[in-house]
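To start, I am sharing the structure in question, which I have written as structure tokens.
Order of writing sets the chain letters: A, B, C, D, E, F, G and H. Residues in each chain are counted from 1.
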């Protein structure tokens, strides 16, 4: 029940077409029917933030992913599936022919929106091994209308490789910093700029990296202020968070 | 906005006293004002389940606990504070003179309800060290109108002490089993009866008990079906859960 | 040695057919032979609770599972195997031809009981990925004679999807809430109803979900009273616990 | 050595007042003296972001805190010390007489800046026990020139208390969500709004909350996109992060 | 109901003094009354193993410990309380005047048995810091009738200090090896002898010793066969286990 | 260099056949040559305890295992390899034709010793899933000359199945108790007997069993005295430990 | 921009060939161009330490590894890839024909430097299972110009096997000690010598070794001074660290 | 028994002054008496490395520490106690009047050796809170004859503060890097120099620093080669390790 149907109901009460008690009955269910308004609002939010719903593929069967993707593709020109295997893509692309797939970032997507245009986001990672997560963040940003600047191969073990990028980091609206192992990159970047830093730990490493826990803890304990942390390998989340921030900054332009 | 005020509004629209657009404006805020209905429902739930809100004292100052207790005491004859220190009680009893305190169970409470009367709940623990948690569960049950049967000193290291209680366990509607260390009691009780068992691990132990983690894990991995687990030392939760179950069983009587 | 054989023995002593010392000898072993009484009682419990013994297949060979299933099928019309692979089923169905298999819930079962009839249990989960665990709980309930109402696709990230189900949740005798990731569903459901909630964390998630540990901890720390927790992915246990509770409520009808 | 002093040096070389070799000597240290430029930039950053350096008091002696506070107070009208004990404050206030102290938020501060004026940040927490961390975030925001809106006592166990605040949450530029125990608040808030959410887990809880680990994990695994996480109890960091984001949004006004 | 009372009952049935049905009634309760036989057996076990029940004092109040100690002292000349504080002892010694206390081993005890006489047990630890746990093991052994040989100050960092004791280790019936930190002592001792080694990790250490976890894990992973492990700081358990083994070896003498 | 060769050397010095300096040279290496005595002693120990060295196959290549097995087979009629895959066996049996393999217990062995004959050890486990570990313990005992009595299918969820075995447990010299999940079996067995119990946790379980950690912790925290613990799934170690204990008991016969 | 080009620039300013403002412009970029000096220094460091950059292969695709290896091979006669699979090697050897591969140590490398010649490093491990990590350390040392002495099969369970190597250990400049399970080797070696010991825990073990965590903790808690620890299985790091130390010792020769 | 006494014994045998059997008796104890040679060697090592034995005070009583300190002071002019409380010092200084105490570094010591003179070691930490651990390392180095250069207040959050020290870091023989929180300092320092870095994590931090675990993991996972790690807060160990390395480098001068 949205505002329009509510108006109609009230008009009919005012016109005597609907008795007060009948209207009362109809309105009693309003707290839950009005939920549809929530959903509408939610729909608005989706349109603003860039896509209606993301398919988390990992625990789903290829058939389930395909069915959800097809249903979403009917409603929106933008579909996104994260942690998608080749099998997921194979099944889904039969129902959604234009679907695309990036093996490195393990994502499938359908993109119908205009070219990304919002500047201001930097995505940065230390090594080649962190690239899949960085790409997931960057592609998410692009689907949401942003044009992230990518910086990589700048691990702190060779600090000189990072320093030339300092001006870029200092001019960013928001930075997504992706790193595994000891993840010192987030602290170093956080100390070089006052842009908010979204830190994404990766599972790159072995032994006492514990599948990314060492990187996660390091980022949570960053001595640099202005660093907030996503789940391990959550490139999608990092990109999404950065997009939410950046679109609020650039919309003022 | 409850049903009565809603009826009045609609009547005034029908009578032409309120314009459709004005009513529309009033009703637009209804999804949130109708939340008061939720609150009323919630209030009903509180009355049914035995008390409106529990004060978790541990991270609160004595002054905060006292103020909340006083506010609750105005609305309800039953007030309950868990993990309360002597300082909490000293402050609160100045504002709520009839407040009572049990140091062992670390709880303060005001009790205005009639004597507990619902049979069917058994609370059982292994050793003397587990008594504070068992008492917290038992007092919670009593405040909610149940009359739990207490069994203790029946650790599995001396199985013969437990066996005489088997008929009691088999006749229970629901059992709260409290145990620390390796918490084998929950599995043994669960294997001896088909009553649902609410298992409460305690922090009793040392070294590799890790403050109750060993007991918690043992209970979660119980090979006996029909054992569900509460947080460590959460005697209140165990008693509350058992009361919710038991009152649904006995209300049919 | 049950009551009948005991009576016979005593009668023969009274009749002089058995000497006191011989009877004494026979009775000395009684504490352990009387264990058969325990078994009988246990058998009774099994019949009441719905099935005699569940086969936990995961660490067993297909041949072992098949043999146990065949032995159980001789004694009972109801056989249940959890965490069963297709190989387990292939082997077992050769010995028990009517055996059925559900790949999603990884269970094999033989069902000879009448259609489920007890209302009152709701099983609810947040996302498609949690479905296997929800199904395991629901099938367990059905085998035990209950007719659970399934609700899914109601994660808290879209609260409006959950709200229409509030009346259903408030009318339930007992609820099984299944959720992975941060498992906020259990707390939200627990806050919306005073029905006892059996929370089943799932291993759905990645990174810092640690195979379901994040969900498990969230459920154990639920700020809503009336939430008790099962092991990770233990849909069988959640369903079994709910059945034990519900059958005690409905048997009063 | 900034641009001006560099210009002077080169001018003096061109004028013959300084020999090439002497200039060379001066310039050899330039990569590190030019670090002063970094420091200046950093100083600029500090002015922009609100205060030059924060004193983390916990592992420092009162005398150390007092000395650092005095040194900072000479350079800036704003001094901030986090996790400060009463002893820290007693020592520091002798050297910095205008220093103020908030026992609940365990912080000491000197504030010389004009009244906070930037709207757009909401700080929200679930229970009274989370207030110290919420206050730390709010005070940090205020010192950085923002005027946060505080919402509390809105835990998800009573969802109706949260719903009236939905419009506020949906209109925010950025939200700091503070919660302990199972921290479901962050997910629920994240699902109700598309504003970026900075989630701060607190150590409120007991047993399997493990000093805030349960809350931390829940927030990292939030099924709602747009939630980034700070360290446990890091109210300062949450407020700082929100200020960095909000000032970039409001500066466009 | 023991064998004697059983014989009497049967005799009275044979004599016609007790009707079959009355005897049947009496015998129906036998599975639980016969539990008294378990208790008797258990009592026998207690006498054999050295003391009837140990008081774990840590989570008990001084009054509780005192009451239990007094009750035990009536039944047995040997009373043992582990993890006892000075307050526990003060309270208990008022009720049991002859009670003794060892602050280092945190134990209180009453000893009425003859001097220890069984040779064959060696208790060994690495450093002075491990002495309280070693003493707890040694005193337990002495109360159970054994005369342990103590070796200490033989950490593996100075292997030469350990080597002179090799013959003693090789002649032992059983060894209790107590060590904190990395606990290499257990493996080295286990490699030097074929006597069974009961390893007791201690909480001596700091940082990544995690309160004895490092020592516990090292002992569980010992590359030397013949090493079994007790809980952290469980000197009582180590001594008790060694006594159980040794008394079975020496009783053949 | 043993006592005899030492005597010869000294005699030749006394006889003038060996110069002091030459003897000195010979004796300088004595601390390390005398190590050969250690080795000899160690060899003796091996013979006594049943086999010279065990091959831990898991991290070794098939070729390495085969080579080591062949070398050992030259020196001893008894060879044992634990955690051996079929590939390990295939490679090793080509060099050691009589080698045997047990897939369930993942072990390969060559056995040349007479039939086991020492009574007194009981190996017990709860469920079918624990059988591989129980078998590893039992086979180890058999290779070392013992004849263990096997008890299984006696989980505590059906206590009546365990009780008939109580006399066997009470008459044992030493018991190896194997259990996964919550491992309550060890505590229950420990409480029923005063025989020393070697507890072996298994990795049977899922979710919060954490690969056997729940069972391990439960056993370490057993409230029954006389329970010492081996590493998870270490059936070999449990059997070896029991053999060391039992052979010291039975050798007195 | 190094010192020479800086001198030229200043000379040209002094000579009036370059205007002050133009020089200023050139020098403004110096903080980042001077980074090239960092890079040059870094290059020097690489040459001194033995190889310019190591390829961590584990999270990279074969194509990525091949491309990096080819690029490095153009600049240096020494290329090293750690944790390389056979697929990595197959791809890389097509672009770098002389590349070599060691399956045991999972490394690929190109070696153009003269034969190792620096004595003084000992690499030691306990069992055959630790060999891959030991080999990784040894090969790293050889590529950096050292000639390590290998000792293995000297686990502490048979201490006599270690003792003959004591003089070698005492004469070493630096020792790399590699061990899994309980890793007592590091402490024992550390206690036998005053050479610095680089301890490398391995993931050899099962159950409560937790993939090398037990070994890691044991080494971190070593009671022997002079033991520093690398990540689990980090043979490369251990060898590299030892080479850095040894080359500083031997360069004085 | 060293070489000289051995020579004397043999000479007396050759001269007939000692009978063969008597010499044999003397020599039988030689494997263990020759351990005295180990001890002597160990003594030599102690003199070389700087002090004979370190008193780990934390788990010892003041009386124990005092007695050990007094015994050591008789043998050596250098005594060192780590983790010493004021009570430890008060007791010990009564027996060893010249003993000194540093509250910050929690150490007591007696120093009789000449002034430190070996250059080449740098000790560096990030913040004021890390100073106690840095001081412990520095004092240990000074007692062992080295003159460490201290650098502090150079956390990576303000990278410009670290850069001026790069030449010092690059010229060091060995560096001790002390850091808490995310401990990025170790990686940054390791990347700026090819000197071996001994990394000491500190327990500075809160929440998810877990008492130094975050710092420990970060250091173990350093992407910079040449970083080896000590236990949390083990400043003594870091200084000792650096001294062992440096003295081998400088002794060549």
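Everything below uses one rule, namely that a residue touches a chain if its C-beta (ideal position, glycine included) is under 8 Å from a C-beta of that chain, and two chains touch if they have at least 3 such contacts.
Note that the structure is predicted; figures quoted are calculated from it, not measured.
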item	value
Each chain counted as touching chain E and chain F at once	B, C, G, H
Number of hops, chain F to chain H, where each hop joins two touching chains	1
Most distant chain from chain E, judged by the mean position of its C-alpha atoms	A
E-G or D-G - the one linked by more C-beta pairs in contact	E-G
Rotational angle, Cα trace of chain C fitted to chain F, multiple of 5°	90
Type of chain B:chain D copy interface by residue overlap (half), same or different	different
Centroid comparison with chain C (C-alpha atoms), farthest chain	H
Whole-Å gap between the CA centroids of chain E and chain H	39
Chain centre separation (chain A, chain D; CA means) in Å	25
Whole-Å separation of chain centres (CA-atom averages), chain B against chain G	59
Junction residues of chain G, two or more chains touched	31, 127, 158-159, 207-209, 213, 216, 220-221, 225, 231
Complete list of chain pairs which touch one another	A-B, A-C, A-D, A-G, A-H, B-C, B-D, B-E, B-F, C-D, C-E, C-F, D-G, D-H, E-F, E-G, E-H, F-G, F-H, G-H
Of all residues in chain B, those that touch chain E in their complex	127-130, 158-161, 163-164, 166, 180, 204, 206-209
For the chain E and chain B complex, residues of the former touching the latter	31-32, 35-36, 38-39, 42, 56, 58-60, 64, 68, 83, 201, 203, 211-213, 216, 231-234
Residues of chain F that touch chain H when the two form their complex	3, 6-7, 10-11, 13-14, 16, 20, 23-24, 27-28, 30-31, 34, 37
Chain B contact footprint on chain F (complex, rising order)	126-127, 155-159, 181-184, 186-188, 190-192, 205, 207-210, 213-215, 217-225
Touching residues (chain side chain H, partner chain G) in the complex	41, 45, 48-49, 54, 170, 173-174, 193-196, 198, 216, 220-221, 225-231, 236-237, 240-241, 244-245, 248-249, 252-253
